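One chain, subunit A, appears in both complexes that follow, with subunit B as partner in the first and subunit C in the second.
Let's look at the complex of A and B:
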């Protein structure tokens, strides 16, 4: 009897741990095959001149891809453009998301509908949005130029938005802010709704005005959420590709540069080297910001 | 009190302004879809079409011009299979991470979180090479696999937080009634988690439906391509027409918007705090 009692919890535990491992196994295998193995494989081919024809052998060239890349001025331009793009979109989309979340957290009529409608630009596939954007920003008959030049007289001549790096940058940043602020909005709104209302009442009794209540009650409560979404947005936007590539060929962020190197120039060895460098950058960001990234998932 | 009222009215006006700016491109999409070719390139641009035409809608569903239904079927197939596979794999994995203890669990959880930050363009070069060497290029399975894994961390994390909210006492009660652990999972936990599972299904469905990079890179033959890629081909072809593009944009967006509106309350109500990637 004693023996059975002693043994039973052990086998239970063992059983549980076998089951736990079996259930997670497909996830592990998929990540291993589709993420981990490709990362290692990618490091390998970054040292090769990859042949276009799969039947021909790749040629080992050592660090040559890296040396070519790091001595190429174009690459530094790409890095600077990417950093500017990330900084602009992270700040704008998070700030706008915060503002709209605060605004939509008040009580007003049709609040539910308004909250859902704001999400539309985030939910709709990027490809569906890119073309209407191109249409609106068209240099000849776009409504944006019409408004800026002929109605508001802000600009004197109509810019060709997607053909010049500065205007391409501006239009992509506007597009991305518009498309992504609902993510910040949604997450911050959820955080706002969890704030205990008694905190506000207590602050009110203490004589705190609207600004003081925001500064000393709301902000500290939602700060971790803001930090998390800004961090994630920063990492994701660092290698953003789809929308930018579809909107304009004139904005060389690192994702587009990488894609063009591999699938337009077919220089897969070089593309692998760019991927490794991008990987190192993203990994360092994750590592530096690990407290913010991982904290969210502990609670 | 009066001042407060004025502020309230101003803030409500601001709400209206934000909605107008956010929804304006959708308005343009709709009106351009209804414009004639001449009106769509007229200057100054018409805000509302003077003459309404449904020609572009007819053109888009006309297989001689655009194989809409083929693309639609392809998109649906890829998104549906990815979502089903994801729900099965992530429910089991999510339960394991939420409720069971085993060696290396923390590390596995952390790896999935790191994967959350890696996807798309970071993997495209090696994945293309690997899929090419095993003959998966121009195979829908390659797209499904890539979409499945890149949406997996978010799906997993949504389900983990959902399962964690199911009290252990319910499971213990079921076990006292004589169910074993596997039966508890399928007969108690999963039925209780239907809303969470449905949300994950929709999330993965949307991600796969919206995917551009993998479909564009891995699929080469026309008859396998998705709506998203078809639309881009329509745009890059010489004889693109704005009206057709806008109809295609609308028709591509509508299924996603419907799916989202069905699960919106689960995702934005803060009930799923696993985070949604975009």
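Let's look at the complex of A and C:
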């Protein structure tokens, strides 16, 4: 018998690998079912004119949805507004979270209570917060207009805050930053507490001041955390819908554009094409961001 | 042995997972093992007190019909239509769906409705008892059936402060001239008093408020050939008038909250709103001061949106019969009054016998408004909505209303101060595009 034909018995290691694979197989199937299938289905329907009635046939239209989308000026306007919104909210909420985390990373009285208070805007349901904000800016009895018009006389009449695209953009960015910075705060604070204090002691001995200690000790240590927060927040905010749609109808971002396309116009094929294009854009940005941040951090 | 055992474990886990998925995918409507026919009834009145009333009605119905089981599914109003569309596209349309005319028109366009069964329910109850104008909104595209069975309807119009109008010696706001004069007279923004409030936000309220005035000017959205005529002289004249009125309103995108709050808070003497304003004004003890008008320029006109129950055409014959029985039960005087009294004044009766029924009139809210309630009931004779002419509803109106093209144009012209002719032309083209899809 030739040696190469002989069936070698499975080693213990191989057997364990197979057992491990079989045990995680249900999870793989589950992920394939709930993640991969919708993605593939979404790509498929982006090439169809989809009928609402499942008993009616979907009509294959090839690249038509993609061509319509990429030749629509409105789509580019929406894309630019969304990128500006994402950039502003990611930078501001991460920076604010970092600042507050640095302040809270020291001992003081009622630290626990103060930390809990900071989390309030994050744990309160978005819908409740949106309504509170809308009441604050209400033209008839809102506290903001009352203060600016009736008390301080800074403005003659109450502006329609959420109707002007610039005001609407600023209001939504402020709201989103305020609502979501506690997430950055919480995560960065956890990272700050893992930094070895001997690093600061060594830096002090070397004559490093407060800024130098932050620049050369703190920042490199927490940079992977910041990159993770920024990446996740970027993905979440790119598709942000609820808060923006509830606050104003005047800020054309991708989430709202998608909603209007899929549900108001019932054009599910076009909506699928939008998500495919966005998937490509967002994934490219994520890879770029991670590459830049981690490369910089390694050096 | 070990390998075999691991294979078996993995297969059991995978099988149980798939079995779980399968169980979730099965529908709720159908005949159960004990021979009962089960039908799902989906509506948008998800508030606890309202659901309790429906629970009681369903319980009584099932006691009278032990072979039928009705499962109530209530979805909050905000996400209701999206949820229905999602269910439909997944092939899981409930046996009975309660909703607006625009939703039913959309479902009719998708051929998801048993229009014949709906018509049979209406005819069994007696067509003559229904307000003809309400039924005229519900004719199906096939020209024979009906898109649903009306259970109640809300109607909009002009609500005004009778006491303040009397103080200033003004006529009730019926004609365009009287409306404008009153708006000018009361407008005093420095003291947070606005001449008139109406819907200007990019939402359904802006469109149906505009339809109130467009209808009173004889403007129709489609011509006889089914072409959109949003730039017709009547429509432009209405928009001009609307623009003028907006000068005497609270600036900005106003929706139901702003309008209702302004009226209840005494910040306006007049507003355009649905009959759902009766309860908040009653709660603010303002009921006796409130009057109701149907506006008129070339004709009297109001916008109305019936609450319709429709029967799916995706269910079995047995389920269809059960659905018909249940809707017929909802149309009996006693049960219909129970539904109307969930929010007295808001939903108006669609049957004359119910409108005249002393039991219906017995609700405290309705008593306070006195003769105004008769005016509201009479307004149902002047219903005029975009897309329905001479009892024929254009099949595209549902898609046009859902896409918010008209409300967007209104918001752009009034709130964003964009050029009226240009915006109306854009809206016209967008609607033409929607039709050609």
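Criterion: the second predicted complex is superposed on the first by the 242 of 299 C-alpha atoms of A that agree within 3 Å, B and C clash if a C-alpha of one lies under 4 Å from a C-alpha of the other, contacts with A are read in each partner's own complex, and residues count from 1 in each chain.
Operating definition for what follows: contacts are C-beta pairs under 8 Å (C-beta built on N, C-alpha and C of every residue); 3 or more make two chains touch, one makes a residue touch a chain.
Predicted model only: the values in this text are computed from it and were never measured.
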{"item": "Per-residue touch tally on subunit A - higher for subunit B or for subunit C", "value": "B"}
{"item": "Contacts of A:139 with subunit B and subunit C, given as first, second, both or neither", "value": "second"}
{"item": "Subunit B versus subunit C as contact partner of A:115, first or second or both or neither", "value": "first"}
{"item": "First (subunit B), second (subunit C), both or neither touched by A:53", "value": "second"}
{"item": "Which superposed partner A:67 touches (first subunit B, second subunit C, both, neither)", "value": "neither"}
{"item": "Partner chain(s) touched by A:157 [first = subunit B, second = subunit C, both, neither]", "value": "second"}
{"item": "Touched partner set for A:264, first subunit B, second subunit C, both or neither", "value": "second"}
{"item": "First (subunit B), second (subunit C), both or neither touched by A:249", "value": "second"}
{"item": "First, second, both or neither for A:15, with subunit B first and subunit C second", "value": "both"}
{"item": "First (subunit B), second (subunit C), both or neither touched by A:288", "value": "neither"}
{"item": "Subunit C-contacting residues of subunit A that also contact subunit B", "value": "15, 18-19, 22-23, 26, 30, 50, 54, 140-141, 263, 268"}
{"item": "Contact set on subunit C toward subunit A in their complex", "value": "2-3, 6-7, 9-10, 13-14, 17-18, 21, 81-82, 85, 88-91, 106, 110-112, 189, 192, 201-203, 250-253, 258, 261-262, 265, 267, 314, 399, 402-404, 411, 415-416, 434, 437"}
{"item": "Residues of subunit A that touch subunit C when the two form their complex", "value": "15, 18-19, 22-23, 25-26, 29-30, 33, 50-56, 138-141, 157-158, 160-163, 249-250, 260, 263-268"}
{"item": "Interface residues, subunit B side, partner subunit A - complex", "value": "11-12, 14-15, 18-19, 21-23, 25-26, 28-29, 32, 40-45, 47, 89-90, 92-93, 95-97, 100-103, 105, 108-115, 117-118, 120-130, 132-133, 145-146, 148-149, 152, 156-157, 181-182, 206, 209-210, 212-213, 217, 228, 231-232, 235, 242, 245-246, 249-250, 252-253, 256-257, 260-261, 264, 267-270, 273, 275-278"}
{"item": "Subunit A to subunit B touching residues, read off their complex", "value": "13, 15-24, 26-28, 30-31, 34-35, 37-39, 41-42, 45, 50, 54, 100, 103-104, 106, 108, 114-129, 131-133, 135-136, 140-143, 146, 150, 178, 180, 182-183, 186-187, 189-191, 193-194, 232, 235-236, 239, 241-242, 246, 255, 258-259, 262-263, 268, 271-272, 275, 278-279, 282, 286, 293-294, 296-297"}
